[in-house]
Structures are given as C-alpha cells and as structure tokens.
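Two complexes follow with chain A in common, the first pairing it with chain B and the second with chain C.
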Partner chain A sequence: MKKILSILILFQFFAFSSILADETNFRLRENQIEQGYSEADIEAEIQFGRNLAATILAKYKLHPNRELQRYIATLGTAIASQIGRDELTYYFAVIDVDDINAYACPGGYIFITKGAIQTMANEAQLAGVIAHEIGHVDHRHVVKNLKIRAKGDSATSGIAAAFGGTSATARILLDQLTEKAFSLLFEEGINKDSEFEADATGVEILTALGYDWQSYRDYVAGLQGYIGQGQGQVLNKTHPSVSQRVDKITQFSNQSNFGELHGKTNTTRFQKYHRLL
Partner chain B sequence: MVKRIPPGFRNIIGCFRIFLIYLICCLLTYTSVTADEYHYKNVLVGDRAATMGGAYIGAADDSSGSFYNPAGIAFAYGDSVSGSGNAYHSSRTTYSQAIGADDWVRDSTTILPNFFGMIKKYGDYTVAISYIVPDSIIEHQDQKFNVNNAAVNQYYLSLHSEDKTNMIGPSLAYKFSDTLSVGISLFYSYRIYRYQQSEFLALPSGLADISYNSVKLEEYSYLPKIGIQYSPFEPLFIGLTISQGILESRTLQQDSSKIEDNIFTLSNAEHSQIKTYPTQISLGAAFYYSPSLLFALDADYYATTEEDLQNVTNVAFGTEWFIDATHAIRGGIFTNNDNRVECTTSACNEAQLNMNGLTFGYSNYTRTNSFTLGAVYSAGTGKADVYGDKSAIVDMERQSITVVFAANYNY
Partner chain C sequence: MFISDISTLNQRVGGMVTKKALSCFIFLFLIHSSLPLQAAFVKSYFAYVYESPQAQSEIKLRLTRGQSVEEVEKSGNWVKIKVEEQTGWIHRLSLSDQATLSKISISKKPIAKRSKRQRNPRLRTARAAVGVKGLRESQANRIKEDAGDYEAVAEMETYVVSEETAMQFIVEYQE
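Right, the complex of A and B next:
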C-alpha cells in the first residue's frame, strides 16, 4: 500500500511540475531568463542597429526607385504601428540585390532585397515577409544572440561604452560586434528556433491585419524552386529548410485555428509597384 | 660506552632485524604501486557539476558536459569559455599502527587547474574542446617512527610522489530536437606517476641501513565517450553515456639502491605493461522542477575484466537552487567506491577503501560571467595490507577536501 502511495505521490509531483515548467525552455535557469531591458539598453540596441544598417548600406545600394521605397516604407510602418515595439521607430528599405532575402537589424532597421520582391505575387506575401522581419526585431533575436546591452559585464556587451568611447579599443570592439552581426544575417543565420518564431509571428500579424496567411505560406513553399535555381543562397544558408518552415507555419496555423481562413492579398496594388523593380 | 649484548641474544636480534627490514621492503613495494587508480571520482570536474556531487549526466549543459555527457553540450546556453582556475585538493590517508605502534600518515596537497573548456555552437551542432585533470595526487612526507626496540632504534621515511592524469579532447553534439540530442567526446589521456622514497634505519649498533627507491610510470590512452540525452516528458531529462578507455602504452621504470650491512646493491628495470580499462556505463536524470530548482541523480557502473578488480557502482545526487538570477547554491552527495575486493587475511589486493562525499557550492552570476566557490569533502574507512603479505591487515581511513574555484564566461 505504501509503495502504491509513494508511486502516486511521485506521479503527482511529476504532473504538477510539468504544469509549472515553461513549455519550451524548461531547461533555462534563473540566470538565463532574460531580465527587463532598460532605456539605456534600448538606446544601445538602436545605436547598434543603426551602425549595422550603415554597414549593410555601405555594401549594398538602395534600390533607386523612390516610389517603390515609399510603398515599402508605408506598408512596413503601417504593419509595425500595429504590432511593433512602441519604443522603436521602424525603417524599411529595398536594397538593389538580386538574391532573395530580407534582413532585420536591431533597433528596427529592415531591408528587403529586390530579388525577394520580384518572386512575390501579392501584397500578403510582402506583408508576411515584413512581419517576419518585424518579428525578429520584436523578439530581439540578434540582440539576445549577441547579448547587446548598454552596460555589460564584459568588454563585448558594453555597447554604450563602445559607442561613447573614443579609444581604438572601443572602435575595434564595435567593429568586431558589427562584423559578427553581419555574419549572423548573411552567413551563419540566427538559429532555427528564431526563424520559426519569426514565421509564427508573421502569420499571426498577417491574420490580425486581415491578410491572407496562406499566401505567405505559399511564398515560403515556393522558395525551394528558386533555391534550386541558384537564387536565395544566403537565405538557404541562414534559414531552416523550406519544408521545415512550411511544416511549422502549417502547424502553428492549425493550433491557432486559422485553418482555411482567407484574407486580402491586395494583388492589384502590389502589381503596380512590382513593375517598378 | 656500548653495552655488550649476550651472544645468545644476538641471533634473535639478527632475525628480528631481518624481519623488520623485510617488512619495510614490503612497505616500499606496497607504496610503489599505491597510486589511486582504484577510485573513479577522486576529483570532481567542473563548477556546477562538482558542487552538485558530480550528478550531471542528465544536465551536462555547459562545457564540463564534454566530460560527463557530451550530448548535454547541445543544450548549452550560448558559446562559453570556462575553467576551474585553482582547485585546492588535499587528502590524508592514515594506516593505523602500520609500523609498530605508530600510524603511517600520508598527506597529499595540490593546487591544480583541473578543467578548462570552450563551447561553440553552429546551429544544431555544438563543438567543444576541454582539458581535464580527473585525478591528481602530490605527496611530500617526512616521518620519523620511534621504534626503540632491541633491533632498531628509529626509522625515517621520506617520500615524494606525484600521480596526475591529464585529458584533452574535442566533443561534438547534435540536437535533433528540444528533447533529444547525441554527442561524442574523444579524449587523449596522459598519466604520469612518479614515486621516490628514501629510508633510514638507525640500528642500536650505531650503524644504519639506507635505501632509495624510484618508480616512474607513464600511461598513454584514449577515452571515447558517447552520450545521449532525452526528455520523455517536460521537466525531466535522462542521460546515458558509455565509455571505454583504450591503452596505447604503459611503461614502468623502477630503480632502487640500498646499503645494508655495509653492502651496496643497485638494481633497475623497465618494462611495458598491459592494462584493461573498465567499461563505464552511466545513467542520469535531471529534474528541472522550476527555473530556480534542479534535482539530479546519477548512477555510474564500471565493469572491469581485470582479475584482481571488481565491478563498481557509484551513485550521486545533486541539487541546484537559484535564490535569484544572481545567486545560486548547490549541494550534493556521492559515493566513490573502491574497485578492489574486500581486504581480508585470505585475500587482499593492497587495500580496499570505500568513500562517501559531500559537496557544497555558491555561484554568482552576472549577464555574461559567473564564478563559483565550493568545497568537496569525502571520507571513508577500509582495510589495508601494508606489508603486501597479508601478515598485517590494518585499518585505514582517508579524508579528502577540494576547494573549487571556477569561472565561466559566456560570449
């Protein structure tokens, strides 16, 4: 009897504990859970993002068509105003690159390549990509990965000091960190989980704004064909496989009961700007 | 003025003296092979792991995981560099009434950097390289035994010994999902054992017997270790590892010289030896009760094929409690059993000493760094055949304390 009772107590203990534990990151210890971000941390993020954006623009030209840029900026700002972080001002731009990709710098600096827009069929797909990138910023994926804080406990995490510093050491430090962020965006990728999280955020935002989330899933699914043709090489390196992403998007949509929900695609408006590429 | 000894008594004293010298020679033989390769948990490695009693197979999610369970490093929180900067290790082994009425006490004190590891993550792959000192003994001893009988006045023993194992190697882990990972470590191990002993036997006649012995053992081996971690349900992670040491070479060099009855003798020998390492199978569970509380339980089984050794099971239990995001305390208990058979007058492989240990530690965390201060205490009692001929099975005890100081840097 005692043995049965002991087993039952143990079972209850396990069951209770599984409720208490965080669903996805129950291995995280108290010291690894992100604490709140101060105003100085956010300022450091913005400054770092601006520095990274400048580095990107030094390497890649902006697309010359102002009308197209205004369209992307307006659409992006509209989406960010609904779901973006209040403390940030988001900036959106098209860079004149044929490869298919989009990049989110800390602080709200978001770039989409010409090649990515060329492969899109409607505004829902564009909105999905923008929402995906806003998701990266909202979840601070790069910030967490590089541990960007205003006042860190180590040389590499004290961004404010690096920005304020005039010494060669501070400059080298900032350059190294920017280089690492550049590598994350263009070579290594952040990590699979972050990409899945950004996709889920993207789908959620699209649905909330009345866009057709299935168009975004179709766009992601269609990337495989372009990758096969040699386009989207950076995307292929820095993101999970297309099939994994499509599976996760479908799984998330089903869990969220989006099901067969169809929204707007704004194809006509999109085509007008698509021709400007 | 020298007292005259009755002629009939001279033979008795002569025999006693020969016997005593024989015992000391036996003692010498005993000590020359007494490096502690008979216990598997002499120095606990890492910071969290060491202060949790070494119960780390189910967790193992930092660089010391490469030693405990390479699959665990797949769940490490970012890239890191960590090391046990200085670990002060001290042990005292006492053999009760080993020489006459005197206890024979052997002390070991060493300060060692016993762990250094780096982790780098590449998507779902994690690579690590680590340097580990799983065992280190340094003894300096000068002890005088006041025998004071008709055969021998005093016996001086001076010894110095070092026994250190160094391991270095890479690890690779792959995370299949948030609940499953596998990993492998391949360590190259180098063990160096040096033993030097000088003895001085003061005789009533005013003469003395002097001897010097030296032993050097070098051992090169490989230690592959494979591991898996799996979470059957959310707060629980189970880990399993299998490892098998493979000997590359083992060379023993012995030199001895002595002056006995004014006769000088010198001998030396060098030969290769064969050694079979035990197969280690370890099973552990880590129960992540909450972000601030962790329980871990390990069982290590060592299966040996050596004739004079036995299979051993060690268990360890550890817990970790984060008071807040900055302060954490840990505690643990563990066993460190002897792989030799029970020592009796009918069968004894030098000694048998089973030990139990207690650990405690405190860690302070900042955003990127942490340091840990802790202590590992272990003690045990057993029996020893100090002369190697089972003529005197004496009680022995050992106490050991290690002060752990470790630092970790996440980047």
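Right, the complex of A and C next:
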C-alpha cells in the first residue's frame, strides 16, 4: 500500500513538472516583442524604417492617384490589424514604378509597385502580396539581417543617437545601414528562407481572412513569364526562383491541410481600382 | 512486553505514514486538477470562433482585441479555446500569450543634416563603425549627401485609415 502511494505521489510530481515545462514552451510566439528587443529598439526600428522609406521615395515617386493609394492602405491596414505587430502602425503606398516588386521597410512602411499591381488579376493576389510584406516586418527580417538596435555592444553600433542628433558617428552608421537596407531590398534580396517564410505567412493569412490562397500561388507562378524581361529583373535578383517559391507554397499548404480550400477573390472590386493605374 | 510495544509502535508509525502519504497524494491531485488552462489574448482587431478548425465552419462567436481566453487544445494552425462558457476554434494568428501592446509613436522630425566634418570619409570612427557592422569598404567610402523625401513619407502617412473602416471594407464585401 505504501509503495503504491509513493509511486502515485512521484507520478503526480512529474506530471505537474511536465505541465509547467510544456506551458513555458507553448508561451513562445514569434510575432511578439521578442526577448532582447526593448521599446527603445522598436523606436529605433521605426525611425530607421521611416528614414529608409524617405530614401526610397526620394528615388521613386508615389503614384499620383489618391483613390488607389487609399484602396491599398485600406486593404493593408485590414490585414495588419489581424496579424501585424501590435506596437506598430503600418503604412502602405504604391510607387510609380514599372518593376514588379514590393518592399517592406522595418517599422511597417510597405511599398508595392505599379508594375506588380498591373500584373495581378484579383484582390486575393494583392492581399497575398501585402500579407507577404507584412510577414517580413513581423519576422523582423531586415532588422535581424542588419542587427538594428537602439544601442549596441560598443558606442558605435547603435543608431538611436542618430535620431537624437547627439552622435555624428551614429548618424554615419545610420547612413551606411540605410544604404545596406536599400541594397537588400532592391539589389541583393534578404535570403531565401526569409522569402519562403513570408510566402507561408501570406498564404496562412489569406485563408484566415477567407481569401483564395490558390490565387496567390497562381500569381507567384505567373511571375515566371516576366523574369526574363525588364520588369522582372529586380524581382529575379531579390527573390528565390519562381519554381522554388511555388513548390514551397504548395508544400506548406499541404502540411496545413488547406488542400482544395477556395476563398473570395473580389475580382470586380479589384478591377475598379486596377483601372486607376 | 517489549515486543508488543514495538509492534504497537510500528502499527502506529505505519498508520501515520500511510495517512500522510495519502494526504500528500490527494493534495497534489487537487493541485493538478485545478491548474488553470493556458491563458491567451485576442491580438487581432476581431476574431471569429468557429465550430470546427476551419474557416468554412459555423461561426459561434466574435471576439475583439484584448479579450482573454483559455486555450484547451491545438490542431495545426487552429487553437481550441474556452471563452464565455463556450468552446470553439480560433486561428492561431489571432492569439497572443501577451496582453495587447500599445502603439509606439516616434518623432516625425526629419533627421538633421550632417556638417562637412561629419561627411568626411576619413573619420576613423566611421570606418570602425562600418567595420563592426561588416559593411564593405566601398560602401564606407560612399558617404552621400543626405537624401530622403520626408514630405513624401508624410504624404504616405496620410493614407492610413482606421482599423474599423479597414475591417468593414474586407468583411462586408465578398464575391
């Protein structure tokens, strides 16, 4: 009897401990303020992203049609309000460029080109691209790539002082990081895994919002036709191959049991704004 | 007499041990059973709770950002939750284990232009800084004039709409 009770007590103890451990692991979420990112770091990220956005807009102009801009911003805000980072305000704009691409600056400044929208057929495809870019911001791909922090390990590796105008060295570092970020977005690309991760986020968000995820996959597949041409040059440099992306999207969808799920495409509404390009 | 005393003692001690062990077991069992379910918060502007783990199933509830729920079970991208005395499934992207965070604001003042001395590419500290960051020397040498269209950024920032307006735009239209 005593032996049985001892065993039962030990069992309860280990069961209790394993529950605590499991809860601790289950608490980790990738799109939260992660350990090690302070509020100052996020402020620095937003400032950096705004600075980068200003650099982009010095080179590429905003599309002049305000109704089109509001449509993109409305769609983007809706998607971000569902899966974006709480602490960020997301901004969206169309830039008047024929290249087919979209760009996510840290801090929530997101651009999509006129050329990209021209090649789309419906709102699900547009939502997928926007969700992909929000995924880059949520996962901090550029922030991590460039190690953007308010303060660094040494006096010269943080950028917060640049925004306060208190450090010339930090200001110079900020310029260099901005150049590097511009190069990442427009010339080199981030890395393949980050692009695959953003695609997966995009597809997942589409299904959560009731959009047709297969439309997004078809859009990505259709980009192959532009890769050899001028419009697709930047895309070709900054992203994995189209076939790799489509394979990864299909693989992720199968694993997530999206299967033959069909959702809305809102084609008629999309075409109304598409004409404004 | 000595033997009977020992026997009695053993019986009494054995009895106490058994009672203590049983009490301990019952205590741990009650603790285990009364552990609260994993708490979580709705992080999306709003989130639907479905009958089963798919967006095409019947909607049971609509929750709003910040509401607290209890997680019961996970299945792929879906989480079974308990809220308002009901259970149902919610997409994992709508949940967070932290309470809603406030928006962080920044000063929108354009960054001050640098002086001539600050633009001097021979500043050793600048090279040291870029070296720490692993940037190429050619990039370190290419220190440009301040370039940035902050007016255009301010224009971009006026396009923003409220979340309520944005969600109505998505939810109330379908084709």
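Everything below uses one rule, namely that the second predicted complex is superposed on the first by the 233 of 277 C-alpha atoms of A that agree within 3 Å, B and C clash if a C-alpha of one lies under 4 Å from a C-alpha of the other, contacts with A are read in each partner's own complex, and residues count from 1 in each chain.
The criterion applied here is as follows: contacts are C-beta pairs under 8 Å (C-beta built on N, C-alpha and C of every residue); 3 or more make two chains touch, one makes a residue touch a chain.
Computed from a prediction, not measured in an experiment: that's the story for all the values here.
J.: Applying the document's definition of touch, where does A:T74 land relative to chain B and chain C: first, second, both, or neither?
T.: second
J.: Given the superposition on chain A, which partner contacts more residues in chain A: chain B or chain C?
T.: C
J.: For A:L62, is the partner it touches chain B (first), chain C (second), both, or none of the two (neither)?
T.: Touch partner of A:L62: chain C, not chain B.
J.: Touching A:K192, do we find chain B (first), chain C (second), both, or neither?
T.: first
J.: Looking at the overlay, what does A:R171 touch: chain B (first), chain C (second), both, or neither?
T.: second
J.: A:R149 in the overlay: touching chain B, chain C, both, or neither? Say first, second, both or neither.
T.: first
J.: Taking the stated contact definition, name every residue in chain A that is touched by chain B in one complex and by chain C in the other, in rising order.
T.: Dual-contact residues (chain A): 23, 26-29, 31-33, 147, 152, 154, 156-157.
J.: Mind pulling up the chain C residues that touch chain A in the complex?
T.: That would be residues 14, 17-18, 21-22, 24-25, 28-29, 31-32, 35, 38, 43-45, 47, 54-56, 71, 76-77, 91, 93-94, 96-98, 100-104, 106-108, 110-112, 114-115, 117-118, 123, 125-126, 128-130, 132-133, 135, 139-140, 142-144, 147-150, 152-153, 155-157, 159-163, 165-167, 169-170, 173-175 of chain C.
J.: For the complex, give me every residue of chain B touching chain A.
T.: Touching chain A from chain B are residues 61, 75, 77-78, 122-124, 178, 233-237, 287-292, 294, 320, 322, 324-326, 328, 365-370, 409-411.
J.: Which residues of chain A touch chain C in the complex?
T.: Checking each residue of chain A against chain C gives 1-2, 5-6, 8-9, 12-13, 15-16, 19, 23, 26-29, 31-33, 39, 42-43, 46-47, 50-51, 53-55, 57-58, 61-62, 66, 69-70, 72-75, 77-79, 81-83, 85-89, 91-93, 109, 146-147, 152, 154, 156-157, 162-163, 165, 168-169, 171-177, 179-180, 204-205, 207-210, 256-257, 261, 263-269.
J.: Taking the complex as given, what residues does chain A use to touch chain B?
T.: By the definition above, chain A touches chain B via 14, 17-18, 20-24, 26-33, 35, 145, 147, 149, 152-154, 156-157, 188-189, 191-192.
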